[in-house]
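So that you can tell them apart, the chains are marked A, B and C in the order they are listed, and the count of residues begins at 1 in each.
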Amino acid sequence: MSAPRPGGYRAAAREVLRDRPEVRTSVLAATHTFDEHRRASWEEIDADAWRDWMRDVKSHVLTHLDVYLETAEARLEANGVRVHWAETAGDALAALGAVAEAHGVRRAVKAKSMLSEELGVNAFLEERGVLVRETDLGEYIIQLLGEPPSHIVGPAIHRSVDDCRHLFGEKLGTAPGASPEDLAAAARAALREDFLSADLGISGANFLVAETGTVALIENEGNIRLSTSMPRVHVALVGIEKLIPRLEDLSAFLQLTARAATGQAIGTYVSLIQGPRRQGEPDGPEEVHVILVDNGRTRLLADERAWEALRCVRCGACLNTCPVYRQTGGHPYGWAYSGPIGAVLAPGLLGLEEAMPLPFASSLCGACAEVCPVRIPLPELLVYWRERAVEAGLVPAAERFGMKAYAAVATKPRVFGAAAALLRHVPWELGGRALPVLGSWTAQRTAPPAAPRTFRSIWREGIE
Amino acid sequence: MRPCSACCPKYRAPDVRVALFATCLGDAFFADACADTVRLLRRLGVDVEFPEGQTCCGQPAFNAGHASAARRMARHTLEVFAGADWVVLPSGSCAGMLRAVFPELLAGEDHERALDLAERTFELAQFLVQVMGVDRLGAGLAGTRVAYHHGCHALRELGVHDEPLALLRGAGAEVVAWEADRECCGFGGLFSVKLPEVSCAMADRKLDTLPEVDLVTSADGGCLMQLSGRAGRRRGRVPAFRHLASVLWEATSA
Amino acid sequence: MSAPGRTSGGDAPMSGQRARILARTSAALGGRERVPHPGDFTGPRPPDARGSDRLRSFEEALVAAGGEVVRFASVEEARRWLADFAAAFETISVGATVPASLRPSRPAAMPRAAGLGVSIARAAVAETGSLVLDARDGRRTQLLPPTHLVWIRAFDVHATLRDALLDLWGDLPSAVGFHSGPSKSADIGQILVRGVHGPGRLIAGLIVEDDGPRAAPSTP
């Protein structure tokens, strides 16, 4: 993925809404389905207790993260895994590149990993002459399209069946009227070759269990099991926040993450990876590497409020319920993580200025907080980042002065009342030129009819 | 912060004195709805006062990250309503600001005062049902097909959901099922003008799924402005958009 | 097999990174209140998990996810069924730890070419409808053939996922796979398709014979 561009959010959102309305249609439908399934599946378990527990386990790990990182490293090494530490994206890519070079890698298969998007793995390897094949069907589709993912769990939800028909017809030679099953079969056949011939498998990690050094991965297709089993070398990219303490803790995390993401009781395939193939095992990779990635996570951890965002298990539930995300899908957010969690992680991982205006890309409706399985206080964190943005001078001066003036007037009731009375005379329909903020309203909405009198004056006259 | 009816004294005439907080939007754009709020409360035997020092609760500032501006307005509001027995607002989002946010926003002595104010503060439908125990306002809505928009703050900050529906149905209205009734309308205060295209797409989502009704109503003026404003630019049949306070007042007309 | 080793040891840039990341992590936590581990999870389970008939729960969950379950009262019965079932496949691939009694006599092929893969599960989980597959049995057979038959003994079916994880603890191979249904994807226009990329058909051969200790993965 190219350099993050959250700054283009408004323009990109406007463009997709205006020029590609089918994206909104697809995204609204897909997210509605995910959210409905989540809701139904949470009712089966009465999710509150699960969410409280998972929040506490994650907060526990994060507030003891240094200890858990060392424990995990020791365990991984005892299992025969090579552990690398990467402070920045560049360091992570360098470590990955060194492994690829050491093994003369020409072809790699990749499981879906948001961290790999964040780091820009594909472009990096391709520049070095490595053919990288995305194996998750949704990621495969967008790779063929040359697009970034639109959603954490369903990268291609913004695309329709017809889009896939055209794409596969062009790239894989499928028939014009191909059924979804035919299209899937074509993808399976094409990717089968890659699984069998790849030198390197790259994955992320849903969780890293410190106690056993287990990399845990959830999926429905089987491409992760294949990518981490077939090639001779497996590299797992693991954000340092992915740790959980004990193997048995995985039970609740695996189940609630699946229920939150798609409503399933569990993902179709769960891989628990301890290390390379052992004596007596018929198959498996000869070498397993784990790259522990910081890339801004320690900076976010240091933030007294926003560190809670690091509890995220990447289920996508907040995206599925966010009325703002649902209008456009993920592309306008301009980087790997979109929706509410993207808006809250961005200032921490990218820096506040780089992340603008994402903390403002929300109406603060609160739907996200109701569905987060680890109870990240997303709306509060959005307001927090907005406060930081105001303090840092990142909001227009006109707005800051306007607010100050408004607050001053609001402590003077007579002035306030008079101003309210004057509002009747504001030429809303001429808005654009007079005051840009009014133009923003009237471009697509009729102006609110000003009451003939303010309530203050009605009160003074007496109410019948 | 939702009080149970058991611990809030039910209404007994003529001891209930309510201070009305009209809100900044109410004062400028929904004056009639505020007047109907007064009429409605008086019809129920409530003594209504209007502390004239009131201005704005500070929510637009707070939500946009202007914490010190918001604090100024919060402190002012605390002063204005310090002596009130009950504070009632024809606005879910402003009631939410007083109940859920003021205590978080203010520290020290003001924090205590904010907690105290929060306990006495209610959105209108919430007040009628939870505090006064009202269930039937009359039959003035008989035969009216209504779609109810649940404003986000009323719904999620105050936990108000059943109260307005009960009052509408109790007055004979048919509240028609609306797939997107609990989705955000896209107002969000300054959000509506900072990211207007997405804001309008959100309003479109609401309007695209709206069933055939005579009337759309809500406890929040901002939401009504947003939905009626967007509806005014779209083709097709446009229902009436009226504030819940006015609709409930009409309920008492028969 | 590669020897364990810290890549960063003795390699200045890497060890520097490790030290700096750990230092920054500790510094980030500073005086922040440490949150204790909340202990074992005892939250509400889905109704079935507490049911006395965990075999029925297992079957229902796996079937709901698109899998199939065939029950056998004995290994003998399973063998007879197997001869019939496997006849439809030209070639098969069988896991390394599948007992002789449960190996079909059909021509063998590499997992990449076989039409049927036969594995034995180390365990299963009733509440999630999962089969627990051990790397020692062979991963390719579990993943490549389009139809996957997995033997599971009733004795080895745990009620909960937590039980299964506790049971794995202390005897973890290089990889364990929890398979809870046939491979599926809804990435093509939100329409469900199967068999991309794992097996599109998953059958659990549940042997309900109750005697005998749990078979260790290495027992032929």
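We take it that a contact is a pair of C-beta atoms (placed from the backbone, for glycine too) under 8 Å apart; a residue touches a chain by one contact, two chains touch by 3 or more.
Treat the numbers as computed from the prediction; the structure is a model and nothing was measured.
Novice: Tell me the chain pair with the top count of C-beta pairs in contact.
Specialist: Per-pair contact counts point to A-C as the maximum.
Novice: Which chain has the mean of its C-alpha atoms lying nearest to the mean of all protein C-alpha atoms shown?
Specialist: Measuring from the global C-alpha mean, the nearest chain centre belongs to A.
Novice: Rounded to a whole Å, what is the gap between the Cα centroids of chain B and chain C?
Specialist: The answer is 53 Å.
Novice: Roughly how many whole angstrom separate the Cα centroids of chain A and chain C?
Specialist: Going by mean C-alpha positions, chain A sits 28 Å from chain C.
Novice: Taking the mean of the C-alpha atoms as each chain's centre, how many Å separate chain A from chain B?
Specialist: 34
Novice: Could you pull out which chain A residues touch chain C in their complex?
Specialist: Chain A residues touching chain C: 26, 29-30, 33, 44-46, 49-50, 52-53, 56-57, 59-60, 62-66, 69-70, 73, 77-87, 91, 95, 135-138, 141, 154-157, 159-164, 180-181, 183-185, 187-188, 191-192, 195-196, 212, 214, 220-223, 225-226, 228-230, 240, 245, 247-252, 254-255, 264-284, 286-289, 292, 294, 298-299, 301-302, 304, 307.
Novice: For the complex, give me every residue of chain A touching chain B.
Specialist: Going by the criterion above, the answer is residues 9-10, 13-14, 17-18, 24, 28, 323-324, 326-328, 357, 359-367, 369-370, 383, 385-390, 395, 399-400, 403-404, 406-413, 416-417, 420, 423-424, 437-438, 440-441, 443-456, 458-459, 463-464.
Novice: Can you check the complex and tell me which residues of chain B touch chain A?
Specialist: These residues of chain B touch chain A: 22, 24, 26-32, 34-35, 38-39, 50, 52-56, 58, 61-70, 72-73, 76, 152-153, 156-157, 183-184, 186-203, 205, 225-226, 228-230, 232-233.
Novice: So in the complex, which bits of chain C are touching chain A?
Specialist: 1-8, 14, 17-18, 20-22, 24-30, 32-38, 40-41, 43-47, 61, 65, 95-96, 112, 127-130, 135-144, 160-162, 165-166, 168-169, 172-191, 193-199, 218
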